[in-house]
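One chain, subunit A, appears in both complexes that follow, with subunit B as partner in the first and subunit C in the second.
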Partner chain A sequence: MSETLHINWTRCDGRGLCTELLPAVLGRDDWGYPVIRHPGNGDGTNAAIGPDDARAARDAVKLCPKLALSLQAWAEIQ
Partner chain B sequence: MTHMTSQMPVPAQHLVPSGNNRLFAAGSRATLACHEQAYGPLPLHGIDGNFVGVLEQSGLTGRGGAAFASWRKFSATGQGRRGALLQGRPVVIANGAEGEPLSFKDKTLLIHAPHLVLDGLLVAARSVSASSLYVYTTAVAMPAVEAAIAERLDARRIQVIEAPETFVSGQASAVVNAIGGGNALPLDNRRRLSESGLKGRPTLVLNVETLAHVALIARYGAHWFRSAGSDRDPGTRLVSVSGRGADQILEVAGDEGLGSVLAHAGIDLPGVQAVLVGGYHGRWVKPLDYRLTPSGQAGQSVRPGAGVLHVLSTGQCGLEATAWIVEYLAGQSAKQCGPCMFGLPAMSKVLAAIAGGDRDPQLVGELERLGNLVARRGACHHPDGTLQLIHSALEIFAEDVRAHLTGNCTRMSGRPS
Partner chain C sequence: MDSALWALGRASGIVSLAMFTVTVLLGIVNRSGRPLPAVPRFSVALIHRNISLLATLFLLMHIGSLMLDSYAKLNLVDVFVPFLGSFKPFWQGLGTVAFDLLVAMVLTGLLRHRLGQRTFRAVHWFAYAMWPIALAHSIGNGTNGTERWFLALAAGSFVAVGGALAWRLSLNFLENAKTRQRSLS
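And then the complex of A and B:
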């Protein structure tokens, strides 16, 4: 099942851990905050996570020092 | 404004406001007596969950900026309640924060027609079976609202909460945050307020003008509401007109022509260079043959947002005006979300450089690059609204951008007054 990684911008501090765990999904902007590399429908807040990245995405959610990430089933945000 | 002075009892059908003077038909600073004389009694006992169907027929859209179909919001709040067992009864909030500096229609409405807003709040609460009711507004309108509540028995359970005078204080999740005891700052939007808002309860946040229309629809019905405006944009809306010394509130029909609204406001049209429509998160437009409606086609119509119309005179520099607004907006970032906290000041700096006469040809490209970093990366609409304003300025004032980059701008400062 396809999932999305939701970035809670009010919590994110740009520590960059997620961008190291998910280099194909997330880059960093001028100030260090994660940038979704291939945003679907221009959505800069919810990144599509394919099966290959599912495990790394779970790690990112668990390890984010600001607890700024969450995973949702794709249907939830439609 | 018209004021009904007849003391004779009149049949209910004669109380129905006609034309576009709907919201202020009870006159200025209307007391409960004036209000009931102008509009008749509120048929609150007849309101239940079926009112959402009447709202759908009316076609009312939110007057706070987003123009979302009001019946959908009501309906979602009702469903949110059914969705979970332990959620508690819904909350309805009348949002009169009006953080937009060029908007003053909500304050004016609360000061002059507070009972209409209270009526709408009671109707909304009854239709979604809400148990908690709030009016959220700034200090200037609080005395009028509190006096109106004290005048009537059915409004005693309404609580009035003061909104701070900040740009983002009226954003729906910021409203919920503030009433819940936190700061008036937006929250992450993963869960909808209609499902989980104030204290986890389904929460309906409606602009005060929207509620005033709800009060009239509850009295006179959907068909009456649609007798003003057009099929795609029924009813009336309040607009705050400013610039060229013409600050005023007008109630205009939906889908009205922009030029005709300005002419009605007494503005000399040949002296108008462009109009900022929708406020600081809105867009600059010219010429004036646009329809003012949230539901038309781009290029022929412009979204009114919260109804702000700010006029830029032919002699003023639109880039300087925009640079000043963007500097203000950057300062109003809640500083919760990095891309907004850092991106808006960065964009403001580049725009100020263009407006100030820096001739570096890379500046426009840099503004676009920063815009792409800011877009859709925040908990609220603040960064995207700011981007919309900047994009419209670059488009509408394209000639001025060229003049600035070649050192040829001859206009005066366009700072909004």
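And then the complex of A and C:
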């Protein structure tokens, strides 16, 4: 089952832990903020997470210093 | 048996203090948002958490062995309520204060996702009070507290934490501080 990683931009401070844990999903801009590499439908806030990245995404949610990340089932977004 | 408890109580106290020193240093690195050489950011966060929990275990060993020891005879009230001890109540009380602050930090740390970032952060500031209080307790109450080797260790730790604190308060502490300041001007 694929999931969606939601970035709460109000909380995000660009600390970069998520970009380290999910290098294939998230890049980093000059100010440190995460950038979704392959946004679906131009959505820069919700990143699709494949099964290979599920564990890393869970770690990112747990470790985000600003509690800015959450995981949702893909269906909820559609 | 008794002298073993006494030795364990002293040694575990020293070990936990040293580990809390490392915890504070890693916490400041963690807050800067920077990785260490060969240690990525998420690992700094995990090592900070794990060493702090390990230090807490040593602290529980420190307190537990001195509760069982027939000379120190700590009771449950001494563990949580400061300044009531029978031997050096002030210096022992500092240890109690540090322990109370730590309990608050560990609980809010483990429940960070439920409590929210604001509560976690407010309580986590206690670390800056807890560490010097614990250091003072170790010097004032410790059997080895005023021996030269221990004072050297304490002085080294104090310089390391003081240096980290000075860096913490400097303008370019945050990883992207320069970039973000430039983008404002």
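FYI, the second predicted complex is superposed on the first by the 78 of 78 C-alpha atoms of A that agree within 3 Å, B and C clash if a C-alpha of one lies under 4 Å from a C-alpha of the other, contacts with A are read in each partner's own complex, and residues count from 1 in each chain.
Simple rule for what comes next: a contact is a pair of C-beta atoms (placed from the backbone, for glycine too) under 8 Å apart; a residue touches a chain by one contact, two chains touch by 3 or more.
Bear in mind the structure is a predicted one, so any value in this text is a computation, not a measurement.
With the C-alpha superposition on subunit A as described, subunit C and subunit B fit side by side in the combined arrangement. Of the two partner chains placed by the overlay, subunit B and subunit C both lie in contact with A:30.
More residues of subunit A are touched by B (comparison of subunit B with subunit C).
Legend: residue contacts after superposition of the two complexes on their common chain; A:10 is shown touching subunit B, with no touch to subunit C.
Of the two partner chains placed by superposition, only subunit C is touched by A:21; subunit B is not. Superposition on chain A leaves subunit B and subunit C with their closest Cα atoms 7 Å from each other.
Subunit A residues in contact with subunit B (one complex) as well as with subunit C (other complex) are 11, 14, 30-32. On the side of subunit A, the complex with subunit C involves touching residues 11, 14-17, 20-21, 30-32, 59-60, 62-63, 65-67. For subunit A in complex with subunit B, the touching residues are 6-14, 29-33, 35, 39, 42-45, 70, 72, 77. Per the touch definition, subunit C reaches subunit A in the complex via residues 30-31, 33, 35, 40-42, 45-46, 112-113, 116-117, 175-176, 179-180, 183. Those residues of subunit B lying in contact with subunit A across their complex are 185-188, 190, 336-340, 342-343, 346, 370, 373, 375-379.
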